[in-house]
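Naming follows writing order (A, B and C), and every chain is counted from residue 1.
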């Protein structure tokens, strides 16, 4: 943990990165016969010390959106503005944008290539032109955030287990100390234990670093557990944007766009139908259980 | 670097050519190539152009798709033509400037060479790639080469390899793009620096790509084994190729075309140097 | 049903360890596993990564051979000394396998050609292959895509093509080795619906290996694996009534069960084995009502 001279916790960056999309559209194969419009006139601001979830079914444009944030893709129309400047103003500087906006792609374990885990995590910092000592600090810090044992650092990345590989790849991006960390489906294909582990470490990282973290996911359960703000995408547009409570309470609108709300939200709705109204903003089991006991308590009080 | 390659540009359709036996199309292509090289003078070239137009018409492939395919080869066509313009010496000198001499014969020659390349590409791509799926093409090739099995040549294995390669090329291209993006996101730079630096920059792409290709190969082999694949022995096919009399007639037409070209060559006029 | 039929797959006292590099002590991937799969049943094998569930699948599909114990397919001991390649091929005609990565099991460049691949290997006459391919594509709802290139399909569609490839070989039993793990929710639903239909309507024995609870509850029987052993084996109701045991081995229970578990802890008399939101709400509402009446 980083602390100032008085021992108080300080965030990594004194300034908060902010990415703004202004009327952004994106078309794959633009101009060609098979052009597909993936994003349609999107305007949104992302940033601040919080965990943001982007949801949508396959083909809703969410993966395209995250690749625009760090300049892997260039918008067909509109602007991507990072801290006040259009990232495409000077295309030669696009690499600097990628250091500020870290992107962890889907199934990132397939990007591991170096001889040791340590070297692989160091790839980003090395590209940033850092000194040896700095790189070493960054690697250790990133490994700690990704909950990778220091003993694993000198192993070949290919000897690691599936979950460990995923976390090593995550460390490789965290090591760049991005002001904004974007993760595309970080828990895809993992078992429940692996999901908890990686999402937990991401949440912890977000709190400790004070940066903003964006996760793309299909899983509403994960969104409900970890995110402060949820953005729902459907057919290349932003359909909803708000807190978990805002979004999940409109759950009847989410079903038609191929998304499924947590099972617990269905239970709450079914309870309401039976006269047990514990609110529309139920999306975690713990919360539901707490509300239920409150409800029962109140019923008892009213009776007596 | 962009890897937007459309591979095996099969063009969906239901023309006579689409439905034809792929073996016959391969044979017809070979015949057509021979015919093209037989053509020597303007008359025979006129007939060649006519036959190419007829091919396009019966294939029902939109001309703009064919034109787009040709566009990629403009440079080669121009290059060979220009060389011919300067290279060929004739009797009718048109331009003489220092050491540069351009003859009418040179221009005619260049024109014919350009035509030859264009007709060759149009003809073979219509007969094979545009109207035949890659799998039908490999099937056709396998069956045409089947007699070579007697010589213990691995004809089936070869065609299975071709099929799998065709199946996995798009997957691997997509994968390369993904890995490249992932490394770019970590600040990898593929487009600047010296040649050696650039070659080095490819390591973070090639290592994951090879590993993934090996993993895929292994999984595919297991999956094939589980589907009772034991090689070509005892295997039957769902689509049995059978050539109809129409197909034979089609091939015969190319033989006739060749004969006609030889006759036309005798009519004289300027003849191609080679 | 008193008649005892030969199980389609039977595993007897099986142990296995992956070979290790120089000197490292081998760790058992499977230890003394006994399991018998009845013809026509729908069994889910549940376990976290590294619990041995995929190794078990590789045993049953004869990709791996046990160190000790035996695998029996349709009453034949496939681990016996005198098993020939012909016997293995014969067993593979009964038990098919659908793998995790949809890309790495499709061989051909056209959907129907890929479905035909298996039957072609069986040496069937071409008219018969054509019939089976059309039938199999119909069964998984992919007829419309028969002439498409597989690489343009979605993950769920690719898996359905892979399933059609197995159905066309007329397998009596299909093992799904985490076939839904790499799919999005829509793809998972597509594949699960297909699997369920094959079991209910075509009476194909299904062995579904997964770590998704909401998939496991759809089976008739759930086998939970942990560190190479069978931890629980029973109906979904029996298995998911023990949330603590499942949480201990890094597995989840359906959210309905989790909520009911909380209710039970606070003293309500509720069942835990309810997986449908409506039924769950009914149970809770009833419990609260009876609690109030009791006061």
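Following the convention adopted for this analysis, a contact is a pair of C-beta atoms (placed from the backbone, for glycine too) under 8 Å apart; a residue touches a chain by one contact, two chains touch by 3 or more.
As the structure is a prediction and not an experimental result, all values here were calculated from the model.
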What is the shape of the graph in which nodes denote protein chains and edges denote touching chain pairs (line, ring, star, complete, other)?
-> complete
Is the C-beta contact count larger for B-C or for A-B?
-> B-C
Separation of the C-alpha centres, chain A versus chain C, in whole Å, is 31
Centroid spacing, where centroids are CA-atom means, of chain A and chain B in whole angstrom | 46
Could you pull out which chain B residues touch chain A in their complex?
-> 4, 175, 178-179, 181-189, 203-205, 207-208, 211-212
Chain B-facing residues of chain C, complex | 61, 63, 89, 92-93, 96-97, 99, 101, 103-110, 112-113, 116-126, 129-130, 133, 149-151, 165-166, 169
So, in the complex, the side of chain C touching chain A is made of residues 48-50, 154-155, 181-182, 184-187, 211, 213-214, 250-252, 254-256, 258-259, 262-263, 266, 277-278, 280-282, 284-285, 288, 291-292, 295
Quick one: which bits of chain B touch chain C in the complex? Just the residue numbers, please.
-> 8, 133-135, 163-164, 166-167, 170-171, 174, 215-216, 219-220, 222-230, 234-240
Spell out the part of chain A that touches chain B in their complex, as residue ranges.
-> 29, 67, 70, 72, 95, 98-99, 102-106, 108, 110-114, 123-124, 127-128, 158, 172-173, 176
